[in-house]
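Letters A, B, C and D name the chains as they come in the text, with residue numbers starting at 1 for each one.
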Amino acid sequence: MINVGKIKQYSNVLERPLSKGKQEVSLSAFAFLFSELVQYNQTQVDNITELERRLEDAGYAVGARILELLCHREKGNRRETRLLGILSFVHSTVWKVLFGKSKVLSLGGVGCMGTSRLRVGSCNVGSLMGKSIELVKILQKRKVSIALGGYLVVEVRSVNDRLMAIKLVVGGLTFNVVNAYAPHAGLDEEVKRHFWEDLDEVADSLEKGTEHEDEYMISEKELLVNRFISIPKDMGAFNCGAFVAGIVRGVLENAGFPAVVTAHFVPVEGQHRPRTTILIKFAEEVLRREATLG
Amino acid sequence: MITGPTFTTAEFLLRPSFTALCLLCELLRPVSSANSSRSLLVIELNLGIRKMASTACFMIVSRNDIPIYEAEVGTAPKKEDAAHQHQFILHAALDIVQDLAWTTSAMFLKSIDRFNDLVVSVYVTAGHILNMLYIHTRLMLLHDSRNDDGIKSFFQEVHELYIKILLNPLYLPGSRITSSHFDTKVRALARKYL
Amino acid sequence: MAAIYSLYVINKSGGLIFCKDYGSAGKMDTNDSLRLASLWHSMHAISQQLSPVNGCAGIELLQADTFDLHCFQSLTGTKFFVVCEPGALHMESLLKYIYELYTDYVLKNPFYEMEMPIRCELFDINLSQAVQKDRVALLGR
Amino acid sequence: MAPVVPRSGDAIFANVERVNAELFTLTYGAIVRQLLTDLEEVDEVNKQLDQMGYNIGIRLIDEFLAKSNVSRCVDFKETAEVIAKVGLKMFLGITATVTNWDVEGTTCSLILEDNPLVDFVELPDTCQGLYYCNILSGVVRGALEMVSMKTEVTWLRDMLRGDDAFELQLKLLKQVPEEYPYKDDE
């Protein structure tokens, strides 16, 4: 460390330069602190709903502050006025700063709307590593409106090796894309039957998902706050992710997008641990305003 | 003749702001009809401006249009009435801000309203609202200066100060800013840029 | 065939807080395990008293013709011990690693009460990965 | 026999997983805020923060021992140095200077060179008696108790209260001799 001398003297907090967000503490320090936050709040409540609410409140206080700080520092004083803008702010900027990674690979600039024509292309790029700029160029040349990771990926479900369902939002419209890799003629009848059954199932489930246009999800295999936490069996569906849901709610609500945000465990087939989904349900006013803004 | 927004008594009463209510009483005192009180306001202001060296009234408005900080930062001699009127003009411009704020992602909204020689400039920060009135924290300045760059710089630096206030876990968002350091610094910035 | 037969964690007052069987020949019930834990706890303490030199940390390895018992005690008094095949390698590293797992998945879990039996799903999952034969070999590197 | 005690926690800190300090600072802020709301009295908040720190300390010590490879310290002097140079570094990425030893070698001061807990913080008039960082003293006390050192840890100087440094005083009350297991059993 270069900073060997005494701690810098500032007469008060306003004199101190705004933090650059580069300073770090160990994950353990945070984990112990968070654990103690949960333990303290357990002593203050007599049921799980109440505990979740208190954790959410604590997160809310963090979210409300982080919004203003990050818009200033990371976004060059641009505010987010649109629904998708703020969502993308949450899962890219906020996630990246707070949890060290951005949630969804977003290439940006690909989703060109304004035309009624929608071109859907599919190309095999192998790995996206180091190829994103190249890919964007090709896509723009071919006028492909959606590419995987293109605009805002709301949900990705990998059903099996051959099936994947992606929920995309492009320019206010929700697209459900099912990417299917059909078995070739030479394969067993059994394999083919399985494939078609699974495809039917996927199609059915998407139907249900589109009923809630005001709901968005951020899925995370393991939330940072849950890294070391095992929920006892008698606590049911309790999820410490309520704290993160609170952060998200704090950011959204303070930016003018009130929403109900909840954290849920969602079992993943073939995995010991369920993943956590942060479910965001926007208030009616938000959608109404969004509609008038066009 | 009135170039700024026109107000009706109903608008007055609807506005939940404490400051506006104070002003309402003040305005209603000399004459009972709403019309004459409006013209009275104009006359006083005109007189006021001629006397003043420079006028600048700065206000930070939080959720539910509640002002959490206000300061007369012009060089003109302080006058209680003038201060109230300035705050009133700023409040009247809030409706315009509310609509405008959603049409741009910029924070600095430049001059959104004028009142005779006075101009209302607004800077909308990223956050802070509550209770069904989805409005951001707004920094509002009423001024007679034409120096747009100076105003922008002023807003940006005050914004940074505001972020520092907000980040303090012991400050309750939306409550009054009581820090005297903050006040001193805002006034210094006003001298520098306005 | 697993090289490790069983694993025990004993708190500083001698109470068994965790035990996992990976296939010992003689099956033990919970009572046997509890008895074994407190017995080992006492043995460990006695060994410290018996030591002719100061600062003895107690038994670290017990060798029998059918098994080895490796024990690790942290400075805070928590003991971890594994029963394994005679001559199994890298057991010190394994115990050290298990200690780290304990600090991560037990102590950082807000629902774990200190000194109480460990019931943490994540500890179980990570532990079972750690005791797999090839993983243990990796620890030796 | 005694393994070399690492002189600094730099290498350990560089190797452990880290998170943004703002998340940590703001989360701690949210905790203090909650306590102020729940308990109202500033003195109660100070006590609760210390208690919470203690709860963290008795758990955190194991992590420290497991990851730092520090073994038993020969005396309290070494203990203080290890806390200042290895412990604080490993968890918070900061260090402290150990000074003001008394003649018996049982009381000393840690002067923090930085303090991530207090970024952004200013005490408003309503919370003047608050020891905002009281959790830290609790952590040190709890951690030392687990390695059989009863201590009293207090803030002598606190920059939030207008002092020119963060100074934490450690006072060794008694070193509990190792008589377990028999003492601990009821």
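One rule holds for everything that comes next: a residue touches a chain if its C-beta (ideal position, glycine included) is under 8 Å from a C-beta of that chain, and two chains touch if they have at least 3 such contacts.
Remember, it's a predicted structure, so these values are computed and weren't measured experimentally.
Engineer: Which neighbours does chain C have in common with chain D?
Structural biologist: Neighbours common to chain C and chain D are A.
Engineer: Please compute the C-alpha centroid of chain B, do the same for chain C, then give the distance between them in whole Å.
Structural biologist: It comes to 68 Å between the two C-alpha centres.
Engineer: In whole angstrom, how far does the Cα centroid of chain A sit from the Cα centroid of chain B?
Structural biologist: Using C-alpha averages as centres, the distance is 37 Å.
Engineer: How big is the gap, in whole Å, between where the Cα atoms of chain A centre and where those of chain C centre?
Structural biologist: Distance between chain centres: 40 Å.
Engineer: How far is the middle of chain B from the middle of chain D, if each middle is the mean of its Cα atoms, in Å?
Structural biologist: The mean C-alpha positions of chain B and chain D differ by 46 Å.
Engineer: Among the residues of chain A, which are close enough to touch at least two other chains?
Structural biologist: Within chain A, residues 12-14, 16, 28, 32, 34-37, 39, 61, 65, 69 contact more than one other chain.
Engineer: Would you pick out the residues of chain D that each touch at least 2 other chains?
Structural biologist: 26, 28-30, 33, 59-60, 63, 67, 119-122
Engineer: Give me the residue numbers in chain B that touch at least two other chains, ranges are fine.
Structural biologist: Expected reply: 164, 167-169, 179.
Engineer: Is the chain-to-chain touch network here best called a line, a ring, a star, complete, or other?
Structural biologist: other
Engineer: Give the list of chain A residues in touch with chain C in this complex.
Structural biologist: Going through chain A, the ones touching chain C are 28, 31-32, 34-39, 42, 228-232, 235, 240, 272-273.
Engineer: For a test of understanding, state which residues of chain D touch chain C in their complex under the given definition.
Structural biologist: My answer: residues 1, 58-63, 65-67, 71-72, 146-147, 180-182, 184-185.
Engineer: Write out the stretch or stretches of chain A touching chain D in their complex.
Structural biologist: 1, 3-7, 9, 12-14, 16, 19, 21, 23-30, 32-37, 39-41, 44, 54, 57-59, 61-62, 65-66, 69, 97-100, 224
Engineer: Under the stated contact criterion, what part of chain C meets chain D in this complex?
Structural biologist: 12-14, 41-42, 45, 55, 74-78, 96, 99-100, 102-104, 107-108, 114
Engineer: Applying the document's contact rule, which stretches of chain D touch chain B when the two form their complex?
Structural biologist: Answer in residue numbers: 26, 28-30, 32-33, 36, 119-125, 127.
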